[in-house]
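Please find the structures below.
What follows is a pair of complexes built around subunit A, which joins subunit B in one and subunit C in the other.
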Partner chain A sequence: MLKKLAMPLVGVLAAIISLALVALGNPGNMGFCTACFLRDSAGAVGLHGAAAVQYLRPEVIGLVLGAFLISMARKEFAPRGGSAPITRFVLGFALMIGALIFLGCPTRMMLRIAGGDLNAIVGLFGFAAGIFGGIFFLNKGYSLKRTYEVAKTDGLLAPIVALILLALLIIVPGILNFSVQGPGSLRAPMWVALAAGLILGGAGFISRLCFIAGIRDSVLFRNFSMLGAFVAFIIVILVGNLILGSFNLGFEGQPVAHTDGLWNFMGMVLVGLCSVLLGGCPFRQVVLAGGGNSDSAITVLGMVAGAAFAHNFGMASSAEGVTNNGMVGFGVAFLVVIFIAIFNTFGKNRQRGGA
Partner chain B sequence: MRTIDACGISCPEPLLMLKKALQSESELMLLLDGKGALGNCEEYAKKQGFDVETTIEGDMFKLHIARAHE
Partner chain C sequence: MNKYIATFHSHFGAMSYFKALKKQGVAAAKIMPVPRKVSSSCGSCVSYEHNAPIDMDDCELDAIYQDSAEGLVCVLSTLF
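On to the complex of A and B.
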């Protein structure tokens, strides 16, 4: 019984932390959005110049370090890598293009749904469509092949980089960019945000919480445990928003969101598809990076680069809507992802383990 | 008896490989190296009416999966 309740309880924990972060200062419906926070962090270190979205988010640093500490404590820290790293970088890059067209990763999509943002329901349909697309390729044999054991230093680098970034934030914040207005200027106190990240990083590592696995595993294996976390997360946020008076049903006037239905849908198609092809959502990738998986660390770097490009080349949407560059960027990213999917599914030299 | 080596294969592919294999096999050996995949594969096989016997060899889990006798 306890085992059955474990996943929904992790969803409840993530939801409570998300609500608390918004109440303490994070942007609306953005208690915990991995894509948004990677984007803000990219801006903080000058990888893009969008002044409204620059802040080295302690939540992301905490996610990596929390996962790392728990993995060490449980003797499950596993330095592994070598499974199509550049392909993963590109998929992470493309995922971020999609996320910044929609304005959120799967976590924020759920936060937005539970905040009454109907644009995110449109995004959910796109997300599900993308996941179904990924499942199609998985069923046909898609694989990025094996990972291998790598040097311990390879696995340790993500936590070390996270520690260095934390040191910069605490000791010499003056060298970083900090938004003075816009979403990047809205932030929970640093230590609270860091603690939230540490807790979720640890809980995420133990539970293997992944926001695509809910839909993916229900379809593929009739395994609904992860979907339990997904649903529990939305319900708790919904109730919390109703209590806090921050529930606002509708399409218009939603925080950090636009109302272009087609592109809310298409953005999340790309996020769902890339997440399945990567084997996990952005949150899961950051957690795995903390646990020693260098493929996931490279995926995170791909997402950071994608965020930087999205803002440097005007591909990211804003409350005003999607941009022309965003549409072009989506087209290119989508074609590249489909190419990756087809080649790694039907390619002649492709092989998965087994038999 | 067929052996499926799913070591180093990332989620959810080991479970997918098992699912496909169990459609035609009544007994097989599955090799895994991740705790996540281990739990999922054991649970899935049992749900499908198979007995699972897991042994650990170094960093590897060896799952002997055979159709359960009534």
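On to the complex of A and C.
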């Protein structure tokens, strides 16, 4: 019984932390959206110049360090990597283009749904379509080839970089960019945000919480345990929003969102597809990076680079809607992802160990 | 008859293995997510019952674990 309740309970924990973060200052329906916070962090270190979305989010640092500490404590820290790193970088990059067209990763999509934002329901359909597309390639033979045991330092670098960024934030915040208005200026107190990240990173590592796995595992294996976390997360956020008076049903006037249905759909198609091809959503990639997976660390760097490009070249959407550059960027990213999917699916020699 | 869990580097590898086991009539073959106690990463695995672990080429096999009194024990690994 307890085993069956474990995943929904992780969903409940993640939901309560999200609600608390928003109540304490994070932007509406944003909780701990990994894509948004990687984008803000990219801006904080000057990788893009969008003044409204710059802040080195302690939640992301906490996710990496929380996963790292728990993996060490459980003797599960496993430095692994070497599975198509540049392909993963590009998929992470493309995922971020899609997320910034929709305005959120799968985590925020669920937060937006539970906040009454109907645009995110359109996104959910796109997300599911993207996941089904990814499953099609998985079933036809898609693989980025095997991972290998790598040097311990390779796995330790992500937590070390997270520690250095944390030191910058605490000791010399003056050298970082901080938004004074816009979503980047809305933030929960630093130590609360860091603690939230640490808890979620640890819980995410133990539970393997992943926001694509709910739909993917239900379709692939008829295994619904992760979907339990997904549903529990939405229900608790919904109830929390109703209690806190932050539930606002409709398409118009939603926080950090636009109403262009086609592009809400298409953005999440790209996110769902890339997440399945990568084997995990953005949240999961950050947690795995903390646990020593250098393939995931490369993916996170790809997402950071994608966010920087999206803002430097005007591809990211805003409350005003999608940009022309965003549509072109989506087209290019989508074609590249389909190219990656096709060439890693068909006509390969499968050997022992996938070497 | 022992219970085994085989893990793979890709979902397709797990499917290929699973189909081969089905063809051979191996008992209780089932494809499912990798149990948490086997790995902290996600992926697909195949559980089955047999008198010995079944090694197989061409399916991106990662490792095979035997369900024993001491828990799941690795009896074959391709990690190097």
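Points worth noting:
By our rule, the second predicted complex is superposed on the first by the 346 of 355 C-alpha atoms of A that agree within 3 Å, B and C clash if a C-alpha of one lies under 4 Å from a C-alpha of the other, contacts with A are read in each partner's own complex, and residues count from 1 in each chain.
By our rule, contacts are C-beta pairs under 8 Å (C-beta built on N, C-alpha and C of every residue); 3 or more make two chains touch, one makes a residue touch a chain.
Just so we're clear, the structure is a prediction, and the values are computed from it rather than from any experiment.
In the superposed pair of complexes, A:Glu252 makes contact with neither subunit B nor subunit C. Using the contact criterion defined above for the overlaid structures, shared-chain residue A:Gly291 touches subunit C, although it does not reach subunit B. When the shared chain is aligned, subunit B and subunit C each come close enough to touch A:Asn223. Judged by the touch definition given at the top, the superposed model places A:Thr147 against both subunit B and subunit C. With both complexes placed on chain A, subunit A has more residues touched by C than by the other of subunit B and subunit C.
Comparing the two interfaces of subunit A, the one with subunit B and the one with subunit C have residues 76, 78, 80, 83, 138-139, 143-149, 208, 213, 217, 220-221, 223, 279-280, 352-354 in common. Across the complex, subunit A is touched by residues 2-13, 15-17, 19, 21, 34-36, 40, 43-44, 59 of subunit B. Of all residues in subunit A, those touching subunit B in their complex are 76, 78, 80, 83, 138-139, 143-149, 208, 213, 216-217, 220-221, 223, 279-280, 295, 352-355.
Listed in rising order, the residues of subunit C touching subunit A in the complex are 9-13, 15-16, 31-33, 36, 40-44, 57-62, 78-80.
The part of subunit A that touches subunit C in the complex is made up of residues 71, 74, 76, 78, 80, 83, 138-149, 205-208, 210, 213, 217, 220-221, 223, 225-226, 279-280, 284, 288, 291, 293, 350-354.
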